[in-house]
Amino acid sequence: MLLDKYNEVRALTEKICSPLKTEDYVVQPIVDVSPPKWHLGHTAWFFETFVLKPHLQGYVEFDINYNFVFNSYYETIGNRVIRTDRGNLSRPTVDDIYQYRKYVDEHMRFLLQNEANDEKLIELVVLGLNHEQQHQELLYTDIKYILGHNPLFPAYDDTQFSTTGSNEVSGMIGIPEGIYQIGFEGEGFSFDNESGRHKVFLNSYKISTALVTNREYLEFVQDSGYQNFKHWHLEGWEWVKHNQIKAPLYWYFINDEWHQYTLNGLKPLDMEAPLCHISYYEAHAFADWLGKRLPTEFEWEAASGKFNWGKRWEWTESAYLPYPGYKKEEGALGEYNGKFMVNQMVLRGASEVTSPGHSRASYRNFFHPYLRWQYTGIRLAE
Amino acid sequence: MLLDKYNEVRALTEKICSPLKTEDYVVQPIVDVSPPKWHLGHTAWFFETFVLKPHLQGYVEFDINYNFVFNSYYETIGNRVIRTDRGNLSRPTVDDIYQYRKYVDEHMRFLLQNEANDEKLIELVVLGLNHEQQHQELLYTDIKYILGHNPLFPAYDDTQFSTTGSNEVSGMIGIPEGIYQIGFEGEGFSFDNESGRHKVFLNSYKISTALVTNREYLEFVQDSGYQNFKHWHLEGWEWVKHNQIKAPLYWYFINDEWHQYTLNGLKPLDMEAPLCHISYYEAHAFADWLGKRLPTEFEWEAASGKFNWGKRWEWTESAYLPYPGYKKEEGALGEYNGKFMVNQMVLRGASEVTSPGHSRASYRNFFHPYLRWQYTGIRLAE
Amino acid sequence: MLLDKYNEVRALTEKICSPLKTEDYVVQPIVDVSPPKWHLGHTAWFFETFVLKPHLQGYVEFDINYNFVFNSYYETIGNRVIRTDRGNLSRPTVDDIYQYRKYVDEHMRFLLQNEANDEKLIELVVLGLNHEQQHQELLYTDIKYILGHNPLFPAYDDTQFSTTGSNEVSGMIGIPEGIYQIGFEGEGFSFDNESGRHKVFLNSYKISTALVTNREYLEFVQDSGYQNFKHWHLEGWEWVKHNQIKAPLYWYFINDEWHQYTLNGLKPLDMEAPLCHISYYEAHAFADWLGKRLPTEFEWEAASGKFNWGKRWEWTESAYLPYPGYKKEEGALGEYNGKFMVNQMVLRGASEVTSPGHSRASYRNFFHPYLRWQYTGIRLAE
Amino acid sequence: MLLDKYNEVRALTEKICSPLKTEDYVVQPIVDVSPPKWHLGHTAWFFETFVLKPHLQGYVEFDINYNFVFNSYYETIGNRVIRTDRGNLSRPTVDDIYQYRKYVDEHMRFLLQNEANDEKLIELVVLGLNHEQQHQELLYTDIKYILGHNPLFPAYDDTQFSTTGSNEVSGMIGIPEGIYQIGFEGEGFSFDNESGRHKVFLNSYKISTALVTNREYLEFVQDSGYQNFKHWHLEGWEWVKHNQIKAPLYWYFINDEWHQYTLNGLKPLDMEAPLCHISYYEAHAFADWLGKRLPTEFEWEAASGKFNWGKRWEWTESAYLPYPGYKKEEGALGEYNGKFMVNQMVLRGASEVTSPGHSRASYRNFFHPYLRWQYTGIRLAE
């Protein structure tokens, strides 16, 4: 059954890439975006490095140079390619990398068939699959950035990513004061950053059932929201001025009409769809403009059973910090989450490009406040 | 009585500057440090702008250009001098600025004598005095930076700033699980960021009675703490490598012996004194190396009656975020705190250069994680 | 006959690219290097813009967006893609661009067959072919940079680019004082920057018959040439320190032996081959170390009939400035050369990757002093 | 008599500084400007280092740390203070430096009285005095920058620096084709960069008797000269756009009228005065707009007896390169000129703030093309 899951997840990664041209696999327009071929190679490298090499006797690496090329930020493993250099590497080619994946898959299948009961192995493979699902989401967002910043505005494909009509009826739910249990609980997989279920005291609060829509955000834009410093954090305001930000990412004002680039190409702005591609700074300023605020991650989790979510990753007012009793793992896997716990904000929920079954109410995503290329949105609190 | 306090605080600012040469008032070696003459002018400008102009009928500004020069970050008030430019301004001269202070003081005294019962006025003056006390601390730290980065290593003066023997006996205090009240309570002055007393649930924890000493930190240095990425946040590690950090600020290894620059000049490192001038990154890495951690700001406040503090500003594991129910003030004073609530870490306590009576258990200081020029230290938790 | 020349030049461009993988066409590791697919598109765009659109009635552009993508620095024509962005564009694909070339070629052939006697047209086509030959050379140097900075060090192909044994017998030729004629003379094509034949007075001088070899330059490296500021221009010395330059580009010290990356892959350093891939700063410092100097471009041209050249572009001691009576052309083609006449140094000669028949004694190439990715070498004077 | 000259030159330096406030001596608003106190110390350091230490037996340095502080770019002498750091140093104080000058002067006077016939000594002292005169000019231009970029626009003093009416009658002089002798000839002092008198062949040309006036340049500004790329070098155009240049340095458009900051304060633009404070890029673009050009430095020198000059340093079309037979001196003094001979343009003439008797027809000044804080002007040729 783990083998089935393995096959399914690995196949999805390649399916996501199937509409791409070879050239689309190669480029890296900004440092936060990785070339799709790097994602393909890196997720194979993860299984090779953490599963095959330590657990499959006699395993021979596909290419010893690949550790240098496909390592991401695991300083324990070896010298990594400087992140900004990923887009400069034409080799290994896309074909080479698909060969690499095939080679790793064959050995993984052999291992999973023969060591199906090794607990430690299963744990590592499950981690590797969750890791690959994270990269599936990044593949979508990175591909969108690559195509959406090309002057020809090519579409990724024709399938519907539209979220029109998918939003909830607007309204506020009241949550009473009290002690709430926060953090992962249960049987399945979870990351170390969401473990350590613990009590948090919350004051009474209200949280919105619906996500903010493009229409609502457009009012902020039209009310000179980007020109009025009083709604912004100081560094958010400097970010706005320095980058001349005037609207969410992928919004274009063409022939007197607002458009947005989508994976289906450039389209008129869908007013009822949930807003996305805004930074934490913008989320905060919008809430301030309305006289409201963002929920904390604890408020979000405590109320998460009471509204539908999963369309947008939702910015919270919480910085990404360790839970009480947080303990990072030994070795290279200990670098997975803990080293990022400074200067990032927590997002909760999931988005339309999150892999099926990948998220949960206790899941903690996190990004720097200025980043917008994920499907980030806003749920209000007060 | 407020007049007495006014006279006392204003006089202390000038006393702090009295050992300086005229040239020392002018320079700005890094963007975070302001020239002492700017602090002198800015604290006068604060009273002129927020007290005298709105409350003293017929008040005539000392010089209308000063608003442009001495504004800091109050975007509501007018175009500010770009912060990096402060060290480029030779005029107004130091004498001009002392004249400005004298002019403002004369009008303030007149106002305080004649409007001694105006509640709103009193509130503003008290805020101005607390604001000036914050700048008194910055004056010490900025002067230390200016003199401590001069190749001649001039002393500020000969008075003792030594903290030898001042540290507590080392030990851990246990604090039980429970709900604690956090935030300012009482009659006196407090800032908006510490208001909104509220309940926080804390797990049981231990917190150290003593601050980390130079001796203890030197062991970390000698155990290659600055060469081992596994103790560091990713961005802390990049900060170490990019800036080639090898020890706390002001530590110099000369003739096989560690020295530190102090306000009394360059001295051999005082092993028993509490460590200071480290970044949050270093504080975190040191705690990780010891298998411990920093306390959260809530843990610190809940335990703060059980140990002596006030020698070092203490880094906490908490990001600087609004308390539940935080409401920023209307108008320019609303910019005082709220706009900084992103990407900074909270410090608690006070330091040897904090003005008398300025801090309290609920006081929240905050700096970016990479900053070291304040008297920052470490208290451990577990 | 111009049609034959057209076909020949255009075919050579594609032949140069034939060993590439699709991915190699896309990347731009540094701002000075352009992706091969951009060179392919830009040279087609040149003919479309300056020949087909003004001279072929009824011509329909292949794609109106291509002007935006393939323009280089012709500000008169339209908004150009910021040069650093070229490596971010995955579309148009390599196939698209070959289609574009085919489309342009078909129309060019039609035009050349039907308007074979139009003087203005012929002039423009000849300029376009010389322009394309310049890009052929850049294709080689850019491909070398792309492959030579890949951690897998792939070879471009197996053909011999070796220059072993090709150097002349070392020796100095004396040239007497006198007035020399400098600049292009004759019937064929020349660029505007070499026109305006004029008299220059030269003192007597000596110039070397041979180019500096790798062996000779290695002595400079081993004599701490890169550690001794006295041989360097101030800004050359800052360049050395800032970039930690220790040897020519593509030199690697591996297993106690010097290697160089070549288009055939990584090879032991060929000691007798002419040195290449050095900056002007290095050329100057090497000459200074030997107590010699580089020739001026006038000395070079006056003596150019007396030695064999064509293996390396040779740095001269001359800044790139207009000849007396220099007149830039009207319109967009006037931007071809004149706008670069500041802060660049002149190179004379040609290199092993210069297209056949492209250079001549009066040809003036030019680069910024810090650039090394061309086949730059040294001829000494005194 | 050399002693008299010494006293006169040294006194002039201090006279130039006499209108300054202490604070004005300290700041460094841009990297190209040095704090006046640094000029004062550096010119004393020059005599201490190159004259007193090697030639006055038993001489004891005033302060051994001063070599570190006042060295400029003489890498042979010791570690220099990074140039950008000069404005960060509050110590030594202005008083300290005047004491330093007094100490050096006393020893210099003793030496000059006792070793009046030592040829080598005389040569060094004369060099030191010419060096100090160069810094006198820099003092004026740096002081102007410091005060002219202060929002209070303080005047340096009330003496007249006006050049109204000082310009020549406009007209062109024709110079015939022929061989001209270029470079210093005669008995007095000259720098190594102007030595090596040599023959240059010049085509016939015309050169203007008058300098370009503010009125003439204003026409270029009003004819959108700063918006039309076709007159500009590519890197000049990028400089204009990046720095949003719209007029010469110190020009301000206030209340619908053009003003200029002068050493007497802010004044309406003097239309008939010679233009100054423009970059080479602007000089070139202006000439191009008029269909003319700048003279080469050889054309300038060959014609220099035929017009009055000395009001503005005049940009030429010549890059700063060694004359034939240029030989830099041995030791630290060899760094004086030669190391700057790349990427700078030659200026000829002198300006209203050049010290009396300091310039001559063969004098070669040089600056990077983007610099404007000198009294740079334009003489046209064709």
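Order of writing sets the chain letters: A, B, C and D. Residues in each chain are counted from 1.
What we mean here is this: a contact is a pair of C-beta atoms (placed from the backbone, for glycine too) under 8 Å apart; a residue touches a chain by one contact, two chains touch by 3 or more.
Note that the structure is predicted; figures quoted are calculated from it, not measured.
By the document's definition of touch, subunit A and subunit C have no common neighbour. Placing every chain at the mean of its C-alpha atoms, the farthest one from subunit C is found to be B. Taking each chain's centre as the mean of its C-alpha atoms, subunit B lies 57 Å from subunit C. Note: centroid distance subunit A to subunit B, computed from Cα atoms, is 37 Å. Rounded to whole angstrom units, the spacing between the C-alpha centres of subunit B and subunit D is 44. Contact of a single residue of subunit D with at least two other chains is seen at no position. Shown are all chain pairs that touch, namely A-B, A-C, B-D, C-D.
Those residues of subunit D lying in contact with subunit B across their complex are 21-29, 37, 65, 68-69, 81, 85, 87-94, 146-147, 149-152, 154. Interface of subunit C with subunit D (complex): residues 73, 75-76, 179, 198-201, 203, 205, 229-230, 232-237, 280-281, 284, 293, 317-319, 321-322, 324-325, 334-335, 339-343, 345, 369.
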